[in-house]
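In the two complexes below, chain A is the common chain; its partner is chain B in one and chain C in the other.
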Partner chain A sequence: MFHSVICSESRKLIAQYMLGLDAEVTYHNFYPQLNQFHPLHFFTSPDSSIISKNISCASIGMNTVGIIRAPRGDGKEAIVLVTPYNPKKVVLGEALSLGVAYSVFSLLSRVTWLAKDIIWLVADSQYGEYSSVSAWLREYQAPQFHRVVVNSETCNESSTIEGKLYSGFRRAGTIAAALVVKVAEDGNHFDDSLNIYAEASNGQMPNLDLINIVNYLAVHKQHLRIKVSKMWSLLGSKWLNTLGVVLECIGQYARRLNPQWKFGIPANEYVEGTATLASSMYYQGLGVPTGPHGAFRDYQVDAITVEISPKVSPTKMNRHIDFIFRGGRLIEGVVRSINNLLEKFHQSFFLYLLTSPSKFVSVGVYMIPFALLGAPLPIVAASLYMFSSKTTPQAPVASEVDFSLESWKWINSAKKVFVIHLWGVAVSLLPYFLCRIPGLTPTNNLTVWGSFAVLSLVILFSMLGYPTSVAVPSEAEKREWANLKSVTLSATFIGLSLMSVINFATAEIGALLIVPFCLMARPLMLDIQARSMRTLLLATCNLALGFIAFPPCAFLLLKSAFDSSGGYNISDYWNWMESLWAWNSATYLYIGIVHLPCWALCIHILFHPS
Partner chain B sequence: MEFCFLRILKLTMKVLVMLLLFLGNIKNSTAYFSSSSEATMHTNNWAVLVCTSRFWFNYRHMANTLSLYRTVKRLGIPDERIILMLADDMACNARNKYPAQVFNNENHRLNLYGDNVEVDYRGYEVTVENFLRVLTGRHETAVPRSKRLLSDEGSHILLYMTGHGGDEFLKFQDSEELQSHDLADAVKQMKEKGRFKELLIMVDTCQASTLFSQLQSPGVLAIGSSMKGENSYSHHLDSDVGVSVVDRFTFYTLAFFERLNIYDNASLSSLFNSYNPNLLMSTAYYRRDLYQRHLEEVPVTNFFGSVMETIHTDSAYTSLTNKNFGGAKTKTFLGQSFSSSDINSVRNSDDEDQFNNLTAEEDQHDEAGQCIFCAMDSGHLWSFILGNVITHESVDFFVCYGLVLMLPLLVFSTWLSL
Partner chain C sequence: MTKKKKVQWFWMWVIGSVTLRLILVYFPRNLNLSSRPEVSTPLTSLRRLAEGYWLKRSSMSPYAGSMYHGSPLLLTFLGPLTVTRIEGQPDQLLCSLVFVIADVISATLIRAAGRSLQAAYSSSLKVIGLHQLSETSEVLPSGDFAALVYLWNPFTIIACVGLSTSAIENLVVVLSLYGACKRLASLAAFGWVLATHLSLYPSILIIPVILLLGYGPDAPPRKLFQQRIKLEVGNSSSIGSNNLKEELKDQSSVLKVFAWRLVVHFFIWILLWSSYVLVLCGIYLQKHGGLQELYRRTYGFILTIPDLSPNIGVLWYFFAEVFDFFRSFFLMVFHGNILLMIMPLALRLNHRPCFLAFVYIVISSLLKSYPSVGDSALYLGLLGLFSYELKDIRFSFLLFAGYVGVSLLSPVMHNLWIWRGTGNANFYYATAIAYALFQVALVIECVNCMLNHDRMVTKLTTTKLKDAKS
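Moving on, here comes the complex of A and B:
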């Protein structure tokens, strides 16, 4: 009860401030969206009709929305400012972000140059920042007319200033761009800086121009340091530094040969660029939005989160006004730049990886390594097929019919590959049923999931007739692995190609893990029989690659690379997978349907009796 | 005998008058013959100022054009002789921090969009078609006079264009282009229709010089802000307005003109030499092979102002009274034969004088004195028109001699008639 009073009081205060600026103020009520696994909703936004009906007033989120109409504008477009704010637990950072947004909002209510309406959304973040913003956006973009409306009269216990508020949902024009403003809680002790978060769901990025505007205004006008997330563990790594120095030397030498060649960059810049690139690729590959801006991208609106990180922590700060002034000027500049545009951002890139706040790798460049990585797959598949079909005539051919059957031998392998992929689908669907069972810890869940996967795989193999190593294999069986590998490679290639269209970064990381293993996999038995230095090395490589490419191991490796704070728990993997499906990330599907079956097939080839 | 002598006298008088008239007509006809060539007097100035681009971020193009508009107006070209074409209305754009004002400098001292701006073609009216119609004068019948370029073969025209351009084209309105041969064709047509004496084309756009490559007509002088392959840059950004407010080439052109007033005698070559490629960040290019006069001798006010060559006359007042007298007398008679009295005023006075002479011819000989004075005055006027052909000193001399010659004749005739 006490909490709810604070809630309503703080909301009322914000609304009063907004009203003081002659803005149109409304409350927007929403149900918190429960993150559930919806197997069929991977590429659609979750439907709001699956809300459980028994939600009380206390658990309803309430956004406060203020709209300033452009005095001479046509009212067809709008810019959104978002400040996430938890009324139940007010922290100083959030309060400061409200202060920055308010100062910008009050300025914008007076200026004469507005051509687009300004919407200030104070998002109620008690159920998460993302869900409140996405609930408001869903209402804004796709109004639902036959929905169980929360009875706002019963829930709005306070009605002192309600008379001036607009009832119902207020809209402005098409959203041109959105800016989420946050203030970091802890000071970073170096400098006033600005963190930019841009990744939305499934690795979608806002138009690069939006990042460029923020970067330009922050660096050149407000003298803030811009930061994008980096993979910190890479910064200290020796081999990367060495590589950077080598590249720098080559660059200098090349410039001496021809002053036109300017590809050499300083070693430290190279290392920082690589660390940023790795992080950019990881967060895009994850497919989970890095902030509330992700909700806008689902409606093709360009949005980023800017987190202003002051030099000293807000609690110890004694120059709040100066801080608000600086942050406000930055936001004002960005808003004005967007306001001056005639169209939505379209000139610059949507597909890119950041290597620094002002540098990027565009799609035309980053496609090349992926294509080079993927190209060997069909070639090796074809050569393996040729190899197996060439060697089969060595076996005595009884008749013409047999011969034609020989050329259709790959059907057998294809059947196997297909079944394994079906197994992958079943494994990825299992968590849907597991979450229905109440009272299971992540570790329990993971154990059940893992054991089911292994059990079903064993059953499948026994049904398919796994060639037992007891009997001496025939010549045809010996060659069977080549056929199987050929089909596996083709399937991997198709899977990776499809994934590169949906989320390129995932496909790129996945290709890095699975392609070497796929290419190198060959029966260990052959290597052991040969007993040469080379084959033993090959076998070791295969085993190591097989270990790395196993999804939980790959996850743990990546995780250790990103946060050096120790304490790895196997249950983290379950939580990670859970977050992937909760955010409808296509990466989950990729792992379940492409990566895992291909890995299992390669392991199968590895232990194939030859 | 007396009668016979009187007849002879009358005949001689007539011969004398006819001789005078004949001489006058010779001078007059030479003027008419040379009207199509360069010898026509520069009698009036026109300016066509065009901003071809839309949208808020092209604010500077409108500011360029309005600045030029203000300059030529300050230097004496009246509004009715300026055709101003603005493709968009920045002043009333919702993004404009200063509603109904346009500035070309971040100091905001000068509002270019004051009370006294007459925009002839605005918004979507600024098209290639309308532009070519204005130049060539081929309008629909309903187009008002204020939207037409009513120039003649004595006109100096300034054609200023700014916008986004490229190799041999200038973009209009984000949707169409004016190509260099379109411009050249229009100018050629203008020349053949006697719509200008001299034409100065000034273009501030990327690769502006390429727009002049097809020009052929004599009397055309062209200057562009940049060579082929070069960009023309804006001068500075006004962070208060939020966009760039003026282009470099125009900025330095205006800087040149700000130092001038209507009485200054700066030459075109001094304007052209004032462009510094380092400041422009492009190379200003001018094409002068079609232009006959020396740029050093041509004052900039010949194009950017309305300053014409004036001719000193000794007896301005008599000439004026006579002109008034003649005009009053002939108004009803000549009313329909001369339509645009404004432009053709000089030639009109010619004809009035001719008429005066005709009436003098029919007069009786006792009015001959007045007639002779008429003739003398009209001789003055012709000399005013002809200027270069016969200087007015020699005409005075000629007339004085004639007067002296007349006196004994007059004495003789009065003695005879007694």
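Moving on, here comes the complex of A and C:
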């Protein structure tokens, strides 16, 4: 009860402040949605209308929205400022972010140059920052006409505020851009700095120009240090530092040869760039948005989160006004830049990876290594196909009765590959049902999942007629693995190129893991029979690669390599996968439908009796 | 015994495919197939048909507002089904059922046509003396095979579940081919008239249908028969058996002569059926501009390509880019492209009219103004009919992988362009070009393989003839 009073009081206070600036103020009620698994979320337009019925009044979240109409605008475009705060437990950082946003808002309500409406969304983050923002956006972009029946009518408390408060949902024009403003809780002891979070769902990024604007204004106008997230563990790694030094030396040497060549960069810059790049790839590849800005990207709105991190913790800060002033100046500058735009940001700067706040790797560059990595797949597939379809020398005279479907031999392998991919689909749908069973720990879930996967795979192989006979296989059977591998490689190639379009970072990381194994895989029996040093090395290599490419192993290995906090548990894998599917990440589908089946097929080739 | 087994197995597969369709019909919301550009073009979309029906019911022209561009017959047939809803069932359940039934009927027709084709082919091989080849040609049940390919092709399933009227267009095309294979002039004419009425492009099928009716189903090149008959007549005259001579002469007359009567019947039936269809359409559109309006809104819409919304074809992008004063020129070029290929192909493949029809269908679905996956479904199904002749086709795996890859990549690119805004039209159009390339490769390889097969048959018969002479 006490909490709800605080909630409504703080909400009222914010609304009154907004009203004091002559803004249109409304409340937006929303019902926190449980994370649900939509396997085809990626392909559907973002208007999925799922409503959970009968929600009690206590679980309603309430966003406060203020809109300033632009005096010079036609009301067709708008800029959104978002400040998430939790009314049940207001902390100083959130209060400060409200202060920054309010100062900007009050300024903007008076300026004459405004051409786009300003929406200030105070997002109720008691159920998570993302869900409140996405609920508001869903209502804004795709209104639902059947509303939820709320049990009690006491939820509506807006009438108690004096002054005019609009009922119903208010809109401004199409959203040009959105800024999520936050203030970090604890000081960083170095300098006032600014963290930028940009990754939205499935590795989508906002337009680079938005990041550039923030970066430029923060560095050159407000003298803030800009930071994007880094893989901290990479910074201290010896081999990376050595590599950086080597590259620096090469660069210096090259410059001495020809002053025009300027590709050498200082070692520490190289290391920092790599750490940033790794983190950028990781967060893009994860496919989970890094903040409430992710909700905007689903509606083609560019949005980033700027987290201002003061030198000293807000609790110990003496001059709050100064801090608000500085933050407000920055936000004002960004809003003004977007306000002055006549068109949308140019569409060609969405595909990039950040190496520092001011540097990026564009799609034209990062596609090259991926294409080089993927290119061997079709080539090897073609050569294996030729190898497997080489006809055994027969008398050509018998061509009249020759009825071997020579050019259709791949059908059998294709059938196998298809069935294994279906198995992958079944395996990736299973967690959906497992989550329905209450009271299972992550370890239990993982055990059930794993055992189901293995069991169904064994059954499938026995149904497909796994060649287990030790009898001497015929020439055609010997070639069968080559045919199977060729089809597997084609499937991997199609899967990877598909994923590289959906989420490049996932495809890149996945290709690094699966492509070497796919290319190397050949029956161990062949290697063991040959008994030479080379083939034994090849066999060990294959086994090692097969181990690394197995998704849980890959996860744990990468985690132990990059996460120095220690304590690795196999149940982490379940939690990780659960978070992936809860966020409808395409990475989850990639692992289940592309990576795992291809891995299983390669293992099958590895243990093929030849 | 073995044949019976095959039949049982066949019907199991048919039932399986119907079950799969029915399962998918129950999840229309999640799949949302009927709004995909790959499935529903302005001509085949059921949503547009429902709109047209609504307009007609409120006593307006169904073609008002450039929404509907199909036939009035489809409106009377499917229109009432779009508005009947059954409580607790998916919205367009009845229409989906109609499409499922249409698919099954097409498959059975393909099967029957395939069987008669196969029987005719093996008997004609026997006539030219290639008994072994004729036996091997019966090993593959190509009719069953083609029917199953048609039913289980993901394209067919998607087009059927995605509520596209192409299932019905395909049905009438198959009906016409079936009628021609069975030499039923009235049925062939009925199918051809309806197919032309529904989507215009099948009108070029009149050449293969006439050849089918005139010469009979696919056979090896005709000169082989003449050589063979000459030889046998010579042999029999030396032996001096009069009866055999007569028999052979009968055979030769059956094989050589173009059945003019049947073709004339066919044309009379075409006249009858088309006047019937036109009268029906005229009555339906009496108050809304009559037949002129019909031609303007259906054939005119197909030929002038005013709707440039993206689809899997190659024309929309081109006509979005082309300067307005070149538009009519390029319209002629693109449509002439189809017409240009009719004659050479007809001359080269006139002994294989069914295969000729297949090639025509591929070409027209490639250069169509509003292609959809339903068109591909039809020719991929018909491809199965020639599984014996095309068993040595090259690049089969490459083509298969290409079709799979493109059909997966295309929706993703569309999503990237339309929903995410990170890509642009070029991304999607690139997949359309790739798709067109694979189709071209497919048709080239098929024709190439068929000609090689003919060469092989010719070689075998000439060596046999030489053996017989020496």
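Note that in this section the second predicted complex is superposed on the first by the 565 of 610 C-alpha atoms of A that agree within 3 Å, B and C clash if a C-alpha of one lies under 4 Å from a C-alpha of the other, contacts with A are read in each partner's own complex, and residues count from 1 in each chain.
In the analysis below, a residue touches a chain if its C-beta (ideal position, glycine included) is under 8 Å from a C-beta of that chain, and two chains touch if they have at least 3 such contacts.
Treat the numbers as computed from the prediction; the structure is a model and nothing was measured.
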Touched partner set for A:Gly73, first chain B, second chain C, both or neither = first
Once the structures are superposed on A, label A:Asn339 by its partner contacts, choosing first (chain B), second (chain C), both or neither.
-> first
For A:Met463, is the partner it touches chain B (first), chain C (second), both, or none of the two (neither)?
-> neither
Between chain B (first) and chain C (second), which, if any, makes contact with A:Trp113: first, second, both or neither?
-> first
Touched chain A residues, chain B compared with chain C = C
In their complex, what parts of chain A are in touch with chain C?
-> 40, 42-46, 204, 297, 300, 347, 350-351, 385, 399-401, 403, 405-408, 410, 414, 486-487, 490, 494, 497-498, 501-502
Complex contacts: residues of chain C adjacent to chain A | 30-32, 130, 132-133, 136, 139, 391-394, 396-397, 400-401, 404-405, 408-409, 411-413, 415-416, 419-422, 424, 427, 456, 460
If you look only at chain A, which of its residues touch chain B in the complex?
-> 70-74, 111-115, 336, 339-340, 342
Complex contact set, residues of chain B against chain A | 55-57, 92-99, 242-243
